[in-house]
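What follows is a pair of complexes built around chain A, which joins chain B in one and chain C in the other.
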Partner chain A sequence: MRKEKFPIGIPGVNLREIEREVPVTEPPAWPINDKLKHVGKSVKRTDAILKVTGKAKYTADINLPGMLQGRMLRSPHPSAKILSIDTSAAEAFPGVKAVYVLRSNMSGAEPKGGEDNGYPEIKYAGQAIAGVAAKDGQTAEEALKLIKVEYQTMPFVVDMDEAREPGAPLVFEQQVEQEETGGGGGGAKGLEQQGNVRGPSTKSFFGGPRGDVEQGMAEADVIVEGIFRTQVQTHSALETHGIVADWKPDMLTVYASTQSTKGVRSEMASIFDLPESKVRVICEYMGGGFGAKYGAGNFGVTAVNLSKISGQPVKLMLDRKAEHLAVGNRPNSWQELKIGAKKDGTLTAIKQESYGTAGIGLGAGVGRVAQAVYECPNFLTEQYDVFTNAGPGAAFRAPGNPQGAFALEQLIDELAEKLGTDALELRDKIDNSVVRKEERRLAAKAINWSRRKKPGSDTGVIKRGIGVAQSTWPRLIDIDSTAEVRMYRDGTVEIRSGVMDIGTGTRTILSQIVAEELGLEPEQISVKIGDTLFPNGPASGGSKVSGSITPAARNAAYKAKQEILKQAAPKMEEKAADLELKDGMIVSKTSGKTMSFKDALKQMRTSQIMTSASREDDYGGFMVGTFISHGDLGSVQMAEVSVNTETGFVKVEKIVAAHSCGRPLNPMQIQSQVNGGVIQGISYALYEDRVMDKNTGHMLNANLDQYKIAFSMEIPDIEVINIEEYTARSSTDAFGIAEPANIATAAAVANAIYNAIGVRLYELPMTPDKVLKALNLV
Partner chain B sequence: MSEIKSTGTSQNKTTSPAPPQKREVTLHINGKNTTLSLAPWTTLLDALRQYLGMTGTKKGCDHGQCGACTVLIDGKHINSCLSLAVMQQNKEITTIEGLADGEDLHPVQAAFIKHDAFQCGYCTAGQICSTVGMLNMKKGNSPAEIRDLMSGNICRCGAYANIFAVVEEVKEN
Partner chain C sequence: MKKFTWVQPDNIDEAQRQINAVTATIATGKTIQGAAVIKAGGVDLLDLMKENIIAPAKIVSINALPGLGKIGFDEKSGLRIGALVKLSDLEENAEIKKHYAALHESVSHAATPQIRNMATLGGNLAQRPRCWYFRSEDHKCLKKGGTKCFAQEGQNQIHGIFNTEICPCVHSSSVSTALVAFGAQVEITGAKGKLRNVPLAEFFVSPQVDVTRENILERGEIITALTVPAPPKGQKSWYIKQAAKESYDWALADAAVVAQMSGDTIKDVKIVLGAAAPTPYRATAAEQLLRGQKVSEKLAVQVGTAAVEGATPLAHNAYKVPMFKAIVKECVLNLV
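Presenting the complex of A and B:
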């Protein structure tokens, strides 16, 4: 170990130096961004040209020689037993090369025990049953119609309130568990299950209940409470889930539209009983995921089996309808929240109870914002899962937290009003976060908070309002994050890792990091990622890519640098310790002698230098386990809305989004990502809603027309404020931004609507009918 | 538990339908003629992606609801998933692969990079073709008009604000 001084804090607020002990193998501390050349600069995306010319190959674009097209048969019934399946006619259909019937359901909770007739029970409309591979898509679709399935239909329930009733049709008769996935799916283990209700879960990774809520409530001078509801939201990535499977005797190769190449590899290896070394997963480009694209999936297992049976590669992409029904959604919520406070605003108790349905899956909680944003000695949460006959939920951008923030931040607003305090002043009092305080200050300035009027005081039909909401997200880390840096004799440099780029710009930040360390330009670094032939990288989820892979990348580049300097030193008649890399040159700090980097590479002992490094433990240790850094990603968003009180129509005029992600690596990419989180948040606040028909058990709007997503007409002015916040925990001190960008938006819009019309909305999406109802106009 | 039994789907035929009649279709794409043998109901999108391997044009919904498949026909932008290939003979079809002039990007492509007007990039070909189509019509003259005319293209990553900046810049030059 050696001692090293690092910058810590927020420039302009509390920037200072801290000394930490770090392993001797760690590179020297980087100064703050304004002293760096490439890191912290808006470097253009390294893959931009491929994306604007149509040359970037997504899974859907992969075409292999002899490749077949796969299609899936899905259940038309929301609940049924399969009595028999006859595939003989489909198999005999000209052009069909393989038919495969699923023997188990790969997603959602797993019942323990129970009878098994060889077919999985149908638990929701759209559940995968079988697949066909044929010479073209049309032939495969025709053949699907020839598969004869005998169903025994069963009672079902798709509405969460009905599912909670005693005597409701049981989605699972047995106790269930669900393996947690890397994307945050699954629920706590071993919880009680009564009817369709399972829980309560009272813990999160920051521990369980605190203090005594009843006593805290008794000590309160003011109590605010409310019941809040949020809807089911589907991920709706523009590229659907899909896979190209190529089964060969010596290697299974899978091209997958996935957020985790290593996750798909380990699941495929386990299902097909192969060593991981014989499974290769490739995801070069992918068209969005937002948390839904983890694991092998029913479609993936089907495609691999079809390839195994036919001996040919098989492409199987979901259609848009199946995408809505079967491969993930953000669960809904019913939440009762109660907050007690002293007259001076000090919180005395927070009590939260929630029910949510992830369909046949688990993990429909409301996150940890109520637990973690404000200091409060007495806290209790009880979060229940409710099973319904609908497709399984999946992690969706800060799972549970936008739901939780919608309730928490509205009640904090109400508390401020009851106490006669400004909403920001109360937060200054009860929120200990230094970064959020600075974010509130900057955001308030940007939106001109001081002009905010009393609720509902605007005259006229169209009323305007301003609102604020806050959030927190942990700094998640995956220490199984490794990067390899290669220097070649021809003067080129490459970085390799299994991490993929979901669209956030992973390639670009890796090129910036390596260029910074080696004194090169980012465009000189060739970035090879998204392939399990490279060392494991983190999954693109939980906002953990930047915090996990960039320290590994820097350290690998640092090691490669040391090696090339060692080799160049004797040729330059210098000591390696006196040499540095700068602007494409090796420079002696003592004599000023130089040698070009390219020349040094030309004279290497071997044709390449290869070094690799993994994510070190945090300097000073992790806060929790080996997966959470100290501090949090604090965020503040402010919204300005106008509400037409005759039509109920809400328009978001402006959002100011103030965020921290540690050391910002690429402000342009951060801004794009925050814009996206805000827009998804507005879409969640006002438009998106999965509509299930209680009578048929079907989703009524499984398309991109009636499932309304915010588009160009509804985009407000978005101002992104990005705070530099140094914590001295790794060689790059960088963290992610994806989840924080999405958590507070709906709550900020809700508070702005209240400020506009003076009536609070307790249910998402805040559509015109709900606004008019709140105004007692319908 | 109810005991209603239902068997399969309504199309449980055991006889095979007749194979589709294919016909020759000549398409003029990005300045080149290509003749394909296609079933008449093949969409232009499938003709491009499946039969010509031109995968720059994307399939997002296949129902004309997302705009990812937008291409230009005689300079006007259309959803290629809602158009049959046979309808587009004798017309000038331009896809994302045909916008750049060799190494020189089309000004709209260059502006998409400059303004970071995409993240995952899956909707980008469609967004670019819609932008070019709108500019070909000499439209997009106000922020409201840009938003209106770009409303056929969904970007789930949320790059809209930067796309608006692209249009404004290209308009100016």
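Presenting the complex of A and C:
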């Protein structure tokens, strides 16, 4: 270990230096961004041209010799026992090469194994049953209709309120579990299960209840409370789930649209009883995932089996209907929230109770926004999962958090109003975060907060309003993140890692990091990612890619640099320690002597140098375990809306989104990602809603026609403010932005609507119907 | 989607010889050997096929039929629009914008620019409803020859508020809302070139007449044109569509008002509501209030209220009542 001085804090606010111990294998501290050449600059996306010209190959674009097309049979019933399946007619259908019947259900809560006859029980309409591979898609589709399934239909329940009632049809008759993930999926082990209700969960990775809530409420001068509801949102990534499976005796290769190449590899290896060394997973380009694209999936297992049976590669892409029904969603919520405070605003207690349904899965909590954003000595949360006969929920961009923020931030607003305090002033008092304080200041300036009027005070039919909401997100790290840097004798440099680029620009930031370290230009760095033949990278979830892989990338580049300098030193008659890399040259800090980087590479002992590095522990250690850094990713968003008080139509006019993600690596890419988060947040606030029919158990809008998503006209003016915040915890000090970008938007829009019309909306999405009801016009 | 064959005849007789089914018939599950259906822009047809509502054996494209792609306007005889005219052509037509403002508004708010580039006027009039039960292969509703309307007891937030007893589907052509208000006529060509001209209002069929279809088209009949009377002196019109979103969405409520004005006074007027009933809905009581009157804010509010008189909203769509009031009021105020 050696000691290094790092920048820490926010430039212009509290920037200072801190000394940390650093492993000797790691590079010296970087200064703040304005002293760096490539990092912190809006470097153009390295794959932008490939993407817009269609040359980038996504999973659906992969075509292998002899490849078959796969299709899946899904249940038309929301609840049934399968008595028998006869596939003989489908198998005999001309052009069909393989038929496979699933023997277990890969998603949702356990137990999910087969029944006595070997078929898993049907627990939702759209559940995967079998797959067919044929010479073309139409043949496969026609063959699916020839599979004879004998069902014994059973009672079902798709509505959460009805599922909570005693005597409701039971989705699971036995105690079930689903492993908890850092990103918010699954649930704590062994919680009580009564009827369809499981819980309460009272703890998170950050701890459980604090203090005594009842006493805190008793000490309060003011109490605000409310019941809030949020809807089910489906992920609706542009690219659907899909896979190309190629089973060969010596190696299984799968091309998958996935957020974790290594996760698919280990799951496939375990399911098919293969050593991990004989499974290769490739995801070169990806069209989004938002949390729903982990693991092998029912479709993946089916495709691999079809390839194994037929001996030919099989492509199996899901259609939009299956996307909505079967591969993930953001659970809904019913939340009762109560906050007590002193006259001066000091919070005395927060009490939260929630129910949510992730269909046949777990993980319908409302996150830790209420627990973590504000200082409050007494806190209690009880979060229940409710099973329904619907597709399993999945992690979705800050699981639980947009739900939780919708309730918390509206009540904080109500509290401010009751106390006669400005909504920002109250937050200044009760929020300890230095970052959010600065974000509030900058966002308030950008949206011109001082012009905000009293709620509902606009005259006329169309009323305008401004609102604010805040969020927090942990700095998650995956230490199983490794990068390899290669220098070749022809002067080229390459970085390799199994990490994918989910669409956020991972390729580009890796080229920036390596270029910065080696004194080269980003376009000189070849980035090879998304393949398990490369060292394991992090999964693209939890906003952890930047914080996990960029320190490894920099450290690997630093090691390669040490090696090339060591080899060049004798040729330059210099000591390696005196040499540095700058603008494509090796330069002696003492004599000023130079040698071009290319010449140095030409004279390498071997034709290539390969170095690798993994994500080491944070400097000074982690906050929790080996996966959560100190601090948080705080954000403040402000919304301006107009509301037509006669039609109930809400239009978002402007969003100001102030965010922090440690050391910003590429401001333009951060802006893009925040734009995406805000748009998705507006879509959640006003439009998206999975509509289920209680009587038939089917989703009614499993398309993009009636499942409404924000399109061009729904996108407001978005102003992104990005704060530089240094914490001196790794060699890049960078973190992600994906999830924070999405959490506060709906809550900010809700507060803006209240400010516009003077009536609060307690339920998402905030459609004309709900606005008109709130205004007593219905 | 099931395999199908494709033909594109270049004359109407041949097209009619090839066509042997209307989509409404095959959607009920009735088997027609080698069912061959008409396709114009293909917007609705392709959706129905993808949704497994119909699986025709043959598609008869009428895009090569001559003479159906023109818009003609004459101040005396009015407007004649060929059935294959694209919505985007209507949107760009200067005369329509000048003389038939409500039609221009309705067309330019339909679907998306990309869909308007493909969608024909004839296809728009003949499209099937967007009721999610009708569009779901998992629900065999009345419209598909079933015995039950699932919307009555189910999710009916997008459904109608008038004439809801049998099937509360609303017609999804918002262009029709404006066209009915202008008193448009449909020209239908039957076998052997036999023409019939029908007022657009009578082109649509209510569930009481036949729940499985929305219009009077018989097998082999093709919409060839739509005519709109010449604009009388002092004609003013407006149209408003209210949807959940401003881009790519179906109307939750839309309204067209076409008036003949003399100064500020309304001599005659038609008010039509879309997304309100199984067919475009004439708000005659509201019209009566306006005739012979000068437009004022107060009167406009009364007209809005009169427009929804007698509405029978369902469990989840009562919000449409104030919404219609608001947009009818706005349309009326827009006349002056």
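FYI, the second predicted complex is superposed on the first by the 769 of 778 C-alpha atoms of A that agree within 3 Å, B and C clash if a C-alpha of one lies under 4 Å from a C-alpha of the other, contacts with A are read in each partner's own complex, and residues count from 1 in each chain.
By definition in this document, a residue touches a chain if its C-beta (ideal position, glycine included) is under 8 Å from a C-beta of that chain, and two chains touch if they have at least 3 such contacts.
Nothing here was measured: the structure is a model prediction, and the numbers come from that model.
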item: Touched partner set for A:P76, first chain B, second chain C, both or neither; value: both
item: Touching partner for A:Q138 - first (chain B), second (chain C), both, neither; value: both
item: First, second, both or neither for A:N298, with chain B first and chain C second; value: neither
item: Broader residue contact with chain A after superposition on the shared chain, chain B or chain C; value: B
item: Partner chain(s) touched by A:S730 [first = chain B, second = chain C, both, neither]; value: neither
item: Partner chain in contact with A:F711 - chain B first, chain C second, else both or neither; value: both
item: First, second, both or neither for A:T767, with chain B first and chain C second; value: second
item: Touched partner set for A:L700, first chain B, second chain C, both or neither; value: second
item: Set of chain A residues, in rising order, touched by both chain B and chain C; value: 76, 138, 142, 703, 705, 711-713
item: Residue numbers on chain B that touch chain A, as the complex places them; value: 1-9, 11-14, 16-17, 19-20, 39, 46, 49-50, 53-63, 65-66, 68, 95-97, 99-100, 105, 109, 112-114, 116, 118-125, 128, 146-148, 150-151, 153-164
item: Contacting residues of chain C [partner chain A, same complex]; value: 1-3, 47, 112, 130, 132-133, 135-136, 138-139, 150, 153-155, 157-158, 242, 244-249, 252, 316, 318-319, 321-323, 325-327, 329
item: Partner chain C, residues of chain A touching it in the complex; value: 76, 125, 138, 141-142, 461, 644, 646-649, 651, 686-687, 691-696, 698, 700-701, 703, 705-706, 708, 710-714, 767-769, 772-773, 777-778
item: Chain B contact footprint on chain A (complex, rising order); value: 44-45, 47-58, 60-61, 63, 76-77, 83, 89, 93-94, 136-138, 142, 145-155, 236-240, 285-288, 290, 317, 319-320, 502-505, 668-669, 671-673, 675-680, 703-705, 709, 711-713, 715, 717-718
